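In what comes next, chain A is part of two complexes: it sits with chain B in the first one and with chain C in the second one.
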Partner chain A sequence: MNAAFSRRTWPRPQSLREWLDQRFRYWALAPTLVVLLALTIYPLVQLLMMSVSTVSFAEGRVIWQFTGLDNFQTFLGDAIFPEAVRNTVLFVIVVVSVEMFLGLTLALIASQVKRFSGLLRAILMIPILVPAIAIGTVWRLLYNFEFGVFNQVLKALSLPPQNWNGSALLALPSIMVVDVWHWTAFIFLLMLAGIESLPIEPMEAARVDGASDWQLLRHVVLPLLRPTILVTLMFRTIFSFKVFDEVFLLTGGGPGNATEVISLYINRVFFGQSRMGYGALLSIITILLTAVFVILYNRSVRGRSSAA
Partner chain B sequence: MILTRRWNVIGYVVLGLAAVITLFPFLFTFINSIKYYKDITSGTLIFQPTLVNYDRLFFSKQSAFMVNTTNSLIIAVVSTALVLVIAALGGYSLERFRWPRRFTGILAAWILLFHMIPGVTMVGPFYLLMRGIGLYDRLASVILSHVVLNLPMALWIVQSFLADLPVEMEEAAHIDGASNLGTFIKVVIPLIAPGLAAVAILTFVFSWNEFLFALNLTSTKAATIPVGIAKFAQQYEVRFGEMSAAAFFATLPAVIFLSFAQRQIVKGLTLGALK
Partner chain C sequence: MTTAKKLDRRQFLKITGVLSGTLAATSLAACAQPQPAATPVPPTTAPAAPAAPAATAVPAVSTGATVAKVDPITVLINDSPWFPGFEKLVRLYEEKSGNKVNLAVTPFTGMLEKTRNATTASESEYDIVNLNEGWYATFYAGKFMAPLQEIDPNFEVDPNIIDYNNAMRWSHDKNYSTKDGIVYGLPINGNIQLLYYRNDLLEKAGLKPPTTWDDVADISKKLMSAPNLYGFATRGQKAGFAVAYDWLPFLRGYNGDWVAKPGEDWAVTINNAAGRKAMSKWLELLKTYGPANVADLGQADLQQLMLSGKIVQALMVVANWSAMDDPEKSTVVDKVNVTVLPKPVEGRHATTTGIWVMGVPNNLPDKRKKAGLTFLNWALSKESQLEYTKFGAVPVRQDVYTSELAADPKYRWMRAMADSTQYIVESVRIPEGPQITDSIELRLNQAIAGQMSGDDALDNMAKEIFAVLQKAGYKTKLG
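Our next item is the complex of A and B:
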């Protein structure tokens, strides 16, 4: 019997080094646990404490004051947060629907194309990896009143130029366009991966049975893709719910509250108005909204698949 | 393959159009970045190219962009290194060793939930924490936030690469007398190197791009490129040339990585999202 085997069978350490090595799994996981405890659990506990307090800053010191349900009372009288929720939900529904449709369509097409497919994919992926702030800057210039591309096109068609980010009517749709440009590629990527891992046999069988392109898509490809579509839909919904960077740069929530979204509003409460306690309460409400969505979504998805 | 021929032509047209729509904003920005102010505002296509915007962006006395760039690089490199070490060890421990089912279940659920909640909900307590330990406006505060923000994705990628890996190699190393740590370094790391490359590239890029935490944990000394660009855009509404130059410069790492590591990026993004 060799040494390694016996050491694993009879864990009696011969030296400190061996003692440490037998506990490898503990200290290998330790950094992960330390990071999660210090930087996720602790902030969450902090958040709960902040939500029942008023936190103020004086002479570089932080002063905590327990104020019970005061923040909750503020919440009941807050007209902007519901508006931010409404804007965010509208934003999410529109951009996710459009992105899912475009991303899936592009992926279906790209899976058929052999030449240049690597190059095309690389180009289509660029927006996912670029700083959202850079994207916001780029689109700010595209939307520019004087020399932006959109107004130049309108001018060429002798139509009046538009204030894309400044008008209450156009501001939110303008941001939606940027988000679709930014994130369709992500759906495209996930769908393409899903399509490429599909088994080929059912499609060949359908072909042999004389299915048309549309029938093949409708009755074979889409049902097989269903799990990928459902997961992608959930992730994209969750992530578009976080929208912040582009709105921050393009409109800052304005004009008025026309593009006020949840992340932007909470950020302003925290840092613009220095209301750490109230911001914490809004954060907790937002976390609960996210959790409720995930649970409801998973339940409805599971319910439907067991019924089918 | 699965659809009929005629889709091929339509396919190239549609994908080509998508590629043009994707590239156009970058092209527009690049062109504006090499124009003088008067040529930007007139929207002309015929102009005298210039590097004055880049020169002012990086070398003018009022511009903090050089500091921002240095900060962004340091923060991205250090958080990438930390995430690699932490996630490789943690993912290996979770995937290959026996832990109580309930413990790993709760841990996985917590990591997923943390990944899903909007970052803004954590940025308030983060600010108080970093102020409290004297790290406000220091690189370390941004690094710590980027480590924890990227850790979930990194753990998923490491774990799924390990899950695809037969355990026999590691067992063979043990039988040859290698320690757990030795096996991890000499056998496991080389085998999951493609996964670690994906983790490294994505962490670097996401750290380079991250705005919300960098914005609120810094003021001037530790501000990153996105923070610099946003402040610049708000302060000097009309310095379009420098704005374009900054935005174009900020996109370069993504383009560089895509040009040589597209496969790792695709694998990492799909694993990180679909796991």
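Our next item is the complex of A and C:
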């Protein structure tokens, strides 16, 4: 806090009105604080309370029973959640890496295209506009063992059809492909906006100094684009950590647990099995995992910034 | 200048105070109140402002001839293949009775939460809720539904309404649906499993419809020509209650069950000799005669295989029938027939309930409860159910299945239904059912996907079911 704002520097208030005025900056925060309490803190506290309880529906009402670490004990013996975490982490690493690479590459290309640039951008943005349910249906048809396009192509090439969604080996990569198709456009949009807002002078100076295209990209464009890349990377990582609809619609987490991801498993426990208490605990653990990622990420970014 | 600044702050404080107070009040009110109903389709009248007097008398179930004038009601129902039939039935009710019905239509996902919100609120916003196979045990056991005889002491279940192995009842003493249990709901969709087969192919080959699983294998062996024509399939996909639902008739056919005697003896028996035979036969049929992607086959995929003429026999629910003779969707119009699900050579026929039940929430004033029951009574009368069948829905009365309608080739599925009702077995009908079926679902999917042997899958199921029952306080053991 700025020293000028500290209590010691305030003159002694002569009236209540003056006292209120001196603390105006705190009162001004009240609306935000109320919204934060109502929409974030309160649900989080409820979730925490639920995670140490068993919630049952009996005698015509909802009954909360404090069960201490009972849910945590269940967690320790849960074999599916670690599989869901493993699948989710693998999913995040692969899709975010591929999407960042493709999104950035497409944005660099699109920024250089002068003719039909509007059309190109519109086409590249289509996947992001398609509703998740339509994506699931379309891709399930594309992957269909009997009638799907991919197997028809394989058949035309005299290759055996593949069980895209039903094979433990192929199911997760199949979902990753859909996610990359769906979300690369998002990265592309953010990157393109970043590129187009870059100052032109450093690039012109580099050109005058004889920099090649690669040198310009490596030493001027990418360093200038770093803030955009970092923010996009963080958002996309958090979003992909919460992947649900694509898995739900394409494989339902199967075969076995091959595509079980955290959100899908929590949804099943919470709503499918009506185990509110345990579902709440899994949600808390997921929040903590995400928080750890954000903290590590910020430290890493700060560390590199100070090193640079 | 300074004065003006101070005044601005004051005004600002006042405005933000009012705004934040309003916002907080709105947020808290939103938390306290149940979710709003889904958009009524189409809203025929406002749910409030009752225009008609309360029900004075609830007519007998069977006639459906006289309907009392009652307040408008709102029905919470999910959008599904059978919803259009139900909607037509509702419009017919409005026309015949002059009573109004609002339909709060919602996707399947979210139905459970809306039902919970409504039934745990101080007063339900719905007069009737639609409960599926996996949920009604929870709502009966938790006393969230009104006992129908408390609404109308003269209420009796018409014996022609199929009881789906006591799906309407719950005994709080036995913690199970039993014959002597309290009536909490009435069936509205009579979905059970049948064996679909290509009648044209069987006739051409001089084969009779199968009555045993070995017959299914024989027919498959003779007619299968993979990958163009498969012999037999069930769903293999892990999708809530898909593969497990389709496997249960095998288990029950070999006289096995998930526990020794549901409702009485909770010893886990799913991995006993009967369970192992059921698993072995199911795997043999699917792996030998099913498509290579059987582990990923869901309801729509299986129906698609049948409609596109790529499979000879399939275990599917009767709700899949509506598309079979539809030339817009089917390449096998008039070529498919259905029969009772086959049994093991030394076993019994079994078909699992996959029905929907409608109940009246307990947290309603008497007047609204009576209005709800009035509609249900009318909807389940023979006349209404005959119309319901013509609207494309699956009726719930035995006398409709044996009516003259069944002689019409268009309704040829009704004879198989009439013959199957005696073999109906419930699914896993306890409040912990979804946890148990999730375990069965996962392990069966792993077995059919080749990730685990059938025996290991059964042993895992047994351990997991035992853990669930033990934690819930059932007197159980590993059988």
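Basically, the second predicted complex is superposed on the first by the 266 of 308 C-alpha atoms of A that agree within 3 Å, B and C clash if a C-alpha of one lies under 4 Å from a C-alpha of the other, contacts with A are read in each partner's own complex, and residues count from 1 in each chain.
Heads up, the rule we're going with is that a contact is a pair of C-beta atoms (placed from the backbone, for glycine too) under 8 Å apart; a residue touches a chain by one contact, two chains touch by 3 or more.
Since the structure is predicted, the reported quantities are computational estimates derived from the model, not experimental observations.
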Contacts of A:112 with chain B and chain C, given as first, second, both or neither: first
Partner chain in contact with A:39 - chain B first, chain C second, else both or neither: both
Partner chain in contact with A:132 - chain B first, chain C second, else both or neither: first
Most chain A residues touched (candidates chain B, chain C): B
Partner chain(s) touched by A:124 [first = chain B, second = chain C, both, neither]: first
Partner chain in contact with A:146 - chain B first, chain C second, else both or neither: both
Touched partner set for A:273, first chain B, second chain C, both or neither: second
Touched partner set for A:62, first chain B, second chain C, both or neither: both
Chain B versus chain C as contact partner of A:257, first or second or both or neither: second
Partner chain in contact with A:24 - chain B first, chain C second, else both or neither: both
Footprint overlap on chain A, comparing chain B with chain C: 21, 24, 28, 31, 35, 39, 42, 62, 144, 146-147, 271
Contact set on chain C toward chain A in their complex: 6, 9, 12-13, 16-17, 19-20, 23-24, 27-28, 31, 112-113, 116, 119-120, 138-139, 141-144, 227, 236-240, 291-298, 301, 304-305, 308, 310, 362-363, 431, 434-435, 438, 442, 445-446, 449, 451-452
Footprint of chain B on chain A - complex, ascending: 2-5, 8, 17-18, 21-22, 24-26, 28-29, 31-33, 35-36, 39-40, 42-44, 46-47, 50, 55, 62, 105-106, 108-113, 118, 120-142, 144, 146-147, 149, 152, 181, 185-186, 189-190, 193, 200, 203, 207, 213, 216-217, 221, 228, 231-232, 235, 238, 241-242, 244-245, 248-249, 262-263, 266-267, 270-271, 276, 279-280, 283-284, 286-287, 290-291, 294
Residue numbers on chain A that touch chain C, as the complex places them: 20-21, 24, 27-28, 30-31, 34-35, 38-39, 42, 56-62, 80, 144-147, 161, 163, 165-168, 251-258, 268, 271-275
List of chain B residues in touch with chain A within their complex: 1-4, 7-8, 10-12, 14-16, 18-19, 21-26, 28-29, 32, 40-43, 85-87, 89-90, 92-94, 97, 99, 107, 110-111, 113-114, 116-129, 131-132, 144-145, 147-148, 151, 155, 174-181, 184, 205, 208-209, 211-212, 216, 225-226, 229-230, 233, 240, 243-244, 246-248, 250-251, 253-255, 257-259, 262, 265-266, 269-270, 273-274
